[in-house]
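Listed below are the structures to be examined.
The same chain A turns up in both complexes below, where it pairs with chain B and then with chain C.
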Partner chain A sequence: MSGKLERGLNTLKAQIDAPMAAFFSSCVHCGVCAHACLFYTETGDPKYTPIYKLEPMRRVWQQEYSFWGKLARALGLSKPVTDQELADWEELVYDSCTLCGRCSLVCPVGNDITYMIRRMREGMVAAGHAPKGLKQVTVRTVEIGSPMGITPETLRKQAAHAEQDAGLPVPLDVAGADYLLLLSANETMVFTDTLPALTRIFHQAGVSWTLSSEAYEATNAGIQIGSSDIAAELVQRIVSAAEKLKVKYVISPECGHAYTALRWEGPNLIGRPYPFEVIHVAELLDQLRAEGRLKLDSRETGRLSFHDPCQMVRRGGVIEQPRRLLDQVAEDFVEMPDAGIHNWCCGGGGGVSANERAVPLRRRAFHRKKEQLDGLQLTTLVTSCANCRDMLEDGLEYYDMDIEVKGLADLLAEHLAESEPGAQGGEQS
Partner chain B sequence: MADNETLGEQLRRQGISRRSFLKFCAATTSLMALPPTMVSAVAAALEKARRPSVIWLSFQECTGCTESLTRSHSPTLESLIFGAISLDYHHTLQACAGHFAEHLRTEVIDKHPGEYLVLVDGSIPTRDDGVYSTIAGMTNVQILEETAAQAAAVIAVGTCAAFGGLPHADPNPTGAVPVSDIITDKPIINVSGCPPIPTVITGVLAHYLTFGGIPELDELGRPLMFYGDSIHDRCYRRPFYDKGLFAKTFDDAGARDGWCLYELGCKGPTTHNACATVKWNEGTSFPIESGHPCLGCSEPDFWDAGSFYNPLSAPIGDSSDWAAPAIAAGAAAGAALGLYGRRHKADAEARREPLTARDLEDKS
Partner chain C sequence: MSGIELLNWARGPGLQIAGAVFVIGVIVRLAAILLLGRKTDLSRPREGAMWPGLRTVLTRSIPDAGTFRRSPLVFIAGYVFHLGFLLTLLFYAPHILLLKSVTGLEWPGLPVSLIDVLAVLSITALVALFINRLIDPVRRHLSRCGDWLALLVTVLPLVTGYLALNRMLLPYTDMLAWHILSVELLLVVFPFSKLMHTFSFVLARWYNGAIAGRKGVQV
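Then we have the complex of A and B:
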């Protein structure tokens, strides 16, 4: 047994906790999860059945922790998991799973299959079987600070651009601000309208906020590749910066898995509670709306719909906030079929977008999204996750669909009333 | 007795109008779950059907099945259909007795081999050479074997004939068995129920007359058109079940408001029959509609399935003497395995090396 395989199998063993054991022994092989998975529905290939993606780990569980499995192994009736098997499963565990959580939602016995895949990835990456693209992204995030290799210097430059665009100061490293804003790499480098948009909205609402040059990256490649060690290190950077600046809140930006990483997994990863609260930017904007601090004075005339990012609706419960916000600016809003908690993934979550090998499969799976959108006659598709936005743009182009994709904050900022800063006065310090 | 008169000719002779005949055909067609376009086909087939001879054998039974068929209906077309077959032998209904009655039975066998139908109600005793029920000096097994040998098909009417029923219940002193245990080389249609719904009995006969064959059957040999759905799936109280609203006693507010009777022992979820749709007494109601849980009478061994008033989820039988030690032993074994598993996992955790970015660079 090679060192890497042993390390991987040992990690799988360590990852099997009470829920994992209960899930494996509860599975009734009904196959409902297959029909919840867009990689199965769009290909019809049974190997994409979510629970089957866990087969090597199930065997580890059976052989290591179940009576009959141990007996069978002792009698030589069941063979240990091999390195080749793990290599074969790499595509199933990484390319064809976006951790979207739809299978967990429909499982009639309540198995959280997403949780299981997340744990299986721990063993896969330890055994060296993670996609090359995802590995590179992870290395860049750990060593440089961002999956796109954004350095603090780059951030400063982008912040300066945003100041010019918004005509307003972009606070950086301001101790004592209420909110620390994080950005996803996509927002820093590609969707560069988002930072000026938020700057203007926060200015009008009188939000006291800041960026940090030590923790600006919200995405967490450790969560995607499945390494709790690396994920914890990345979360710790944010926690340290937030504690240093003494903020009350950390804003998780328009990025799905960043929210999962920071809000739900983070405290468990670093092993202690945060001294601050994590809030998704859509939650904050909706709060500002409810308090009357978000003043909008025009409406979007074209037809709009909202693509729910999986991590926000299924794993995070942020469902109504973006709809209430869109209600403020949309004249013609339509829901796509299965919208909300059952929405279909863009196909690029959970690290799939960083995996070049997965591009053809991901585009094939995007056919599901195409079907959801066909017939709606949309002008604009709004979403609240920069990665979804990237994937939607790619998929719509691939299927030759003429729909504009926009971020939620970007859209709101376009309709912001040109009024005085909020009555709360808090011109950022 | 059986002659060459068709059903249509006989109905006209008895003064039944074409209109009422077609009404019956429409009802029968929908009862058999056939599309409405089939009504004319059913009418045409029935009109031309020759009256087959029918031998009705009664074994270990209570005559409830016959009662169901005869008493629950005022003269309707269903009973005429029954008249339209040639019922040549039936203990309760035949006028003659003694040797002459038995002669009629053998005459049918001799005159119409391979054409007549045998309807059986009651189970067949087999213990002690079947002495527990004899007719005209023959045991039930002998009569059944002799009569069924030349039959076109056998219809087991009622749960006793279909599955053994009450006589078959533990401890089964007479060694009672269903028809299907004795007759293995003929098509058998099980029309179960204690008793079966009268329109279901006539419906199966109508199907036989119309299509000249046996209908599609479920795994217990029951016609799917009547036994395809569970009582539960077609129950008008089902919405209360789905909402979790259950009557707890027979006189609480829930019972008065018509809530689900599951917790009072309703066997509807495991019982397949047409009661909830066809209903009883000319479509008046069915047991659940009268406030009583379903007993599950159309299912095998319903008499041995614990109390009628225990919910389905309650265990059958007394477990008090072995359950406690078994639970304790199971818990101890589980705890031991759990401790072992935990140590195994702790061991794996201790040996785990943290993953760093360097590990990822090695191979890429």
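Then we have the complex of A and C:
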């Protein structure tokens, strides 16, 4: 057995905790999870059944923790999981799973299959079986600080652009600010309206905030590839910067996995609770709305719907906030079928968007989203995750659907009233 | 061995051995799961975990409309089988007497004619699930020996019980002996098979509901 394989199998074994054992023990192979997975529903290929993606790990569980498995091992009859099997499963564990969590919602015995896949990826990485594209992104994030290779200099340039766009100062490295704003790489480089949008909203609402040149990247490739060590290192950078700036809150931007990484996995990754709170930007905006600090003076006239990002909504618990916010600006808002925690994934979460090999499969799976949207006659599809936004634009173009995609903060900023700023607005820089 | 001797063995030592394997096996399996433990979650919870977990233990019994529509046979046959099996097990008068001798508890039974219908429905549901497992691409893909074995050891007590109740195929004492033996087979196989889900589903649902619940999501 090669060293890598041994490390992979040991990691898989170590990842089996009480919930994992309860889940493996409870599966009755009913197949209901298949129908909750867009990779199965759009291909009809049974290999994409969510629980089947766990098969090598199930065998490790059986061999290491079950009566018959232990007996077979003692008698030398068990067949250990091979390197080839793990290689064969790479596509199932990475390309055809976005960690969207829809299967975990429908399993009749209650298995949280997404929790299982997340843990299986730890073993896959340890064994060296992660997609090339995702590995490259992970290396760039660790070495340069961002999956798109954004350096602190690039951030400064983008912040300067945002200052010009917003006509307002963009605070950078301001110690003692209340909020530290993080961005996803997509927002820094592609959806460059978001930073000026937030700058204007925060200015008007009088939010005391700052960016950090030491921690600006919110995405966490470690979570996606399944390496807790790397994920912890990336979270630690943010925690260190937040502690140095003595902020009370860290704002998780419009990026699904960033929220899971920072809000839910982060303290467990670094092994201690944070001295600050993590707030999703949609939560903060909704709070500003509730406090009357988000002043809007116009409405969107076209028909709008909201695409729920899986990690923010189903796996994150920020569900009603974007709807309450859209209620402020939308004249004609419609929910798509299965909206809310049952929404279907964009197909590119969980590292799939970073995996070039998965592009054809991801576009095929996007057909589910097309079906959800067909008949709604939307002008605009709003979402609150830059990765979803990217995937939605790609998918809509692929299926030749004429719907504009917008970020939630960008949309709100378009309707922001030109009024006097709040007391503390924009004074830090 | 005559029918009556077989029946006496099945009722006596057979049942004791099978019962012991079942009880000890189930306890050991559940303990083995729980003893693996899990790390304390250090993230700041939005809600507690206990109640959302318990809520999921109950609510997951009913599928959402979309999920039901996508796998209607699995859910309908699943309900019919589980309810039929439980009701015949717990509410057939002779079963109540046996359970009273073990637990000291007693409750009213259901009419024999209804038990008869429930057994037939339950068997039919298992046959439907068996055929579906053969022909449905997903379920066939997932199926292993354990799935077929579980179906077999579950249907045997129902079939033998039905035949004994209706005095069919074999003399009553013989069929009753086979019925009790088939139950013993079920009891012995139980802790070592996926039949464990009968108990472990409570843990699985609780963990799922608790993990989501502390994030403020009701699953």
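In this section, the second predicted complex is superposed on the first by the 417 of 429 C-alpha atoms of A that agree within 3 Å, B and C clash if a C-alpha of one lies under 4 Å from a C-alpha of the other, contacts with A are read in each partner's own complex, and residues count from 1 in each chain.
Please note the rule applied: a contact is a pair of C-beta atoms (placed from the backbone, for glycine too) under 8 Å apart; a residue touches a chain by one contact, two chains touch by 3 or more.
Here the structure is a predicted model, which means the values were calculated and not measured.
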Overlay done on chain A, so just call it for chain B and chain C: clash or fit. clash
For A:126, is the partner it touches chain B (first), chain C (second), both, or none of the two (neither)? first
After lining up the shared chain so the two structures overlap, which partner does A:30 touch, if you call chain B first and chain C second: first, second, both or neither? second
First (chain B), second (chain C), both or neither touched by A:136: first
Looking at A:401, would you say it contacts chain B, chain C, both, or neither? Reply first, second, both or neither. neither
Determine, under the contact definition given at the top, whether A:52 touches first (chain B), second (chain C), both, or neither. second
Regarding the shared-chain residue A:105, is it in contact with chain B (first), chain C (second), both, or neither? second
May I ask you to decide whether A:115 touches chain B, chain C, both, or neither, giving the answer as first, second, both or neither? second
Chain A residues touched by each partner, larger count belonging to chain B or chain C: C
Taking the superposition on A as described, I'd like to know which of chain B and chain C A:144 touches: first, second, both or neither. neither
Determine, under the contact definition given at the top, whether A:17 touches first (chain B), second (chain C), both, or neither. both
Would you tell me the residues on chain A in contact with chain B in one complex that are also in contact with chain C in the other? 16-17, 21, 65, 67
Name, in rising order, each residue of chain C that touches chain A in their complex. 29, 32-39, 41-44, 46, 56-57, 60-61, 63-64, 66-67, 70-71, 74-75, 78, 136-144, 147, 150, 191-192, 194, 196-197, 200-201, 203-209, 211-212, 215-219
Note: in the complex, chain A contacts chain B through residues 7, 10-11, 13-14, 16-17, 21, 64-65, 67, 125-126, 128, 130, 132, 135-136, 138-139, 142-143, 225, 227, 229-230
Using the touch definition from the top, list the residues of chain A that touch chain C in their complex. 16-23, 25-32, 34-36, 40, 44, 46-47, 49, 51-52, 65-68, 104-112, 115, 263-268, 271-274, 277-278, 313-317, 319, 338, 341-342
Within the complex, chain A is touched by chain B residues 337, 341, 344-345, 348-349, 351-357, 359-364
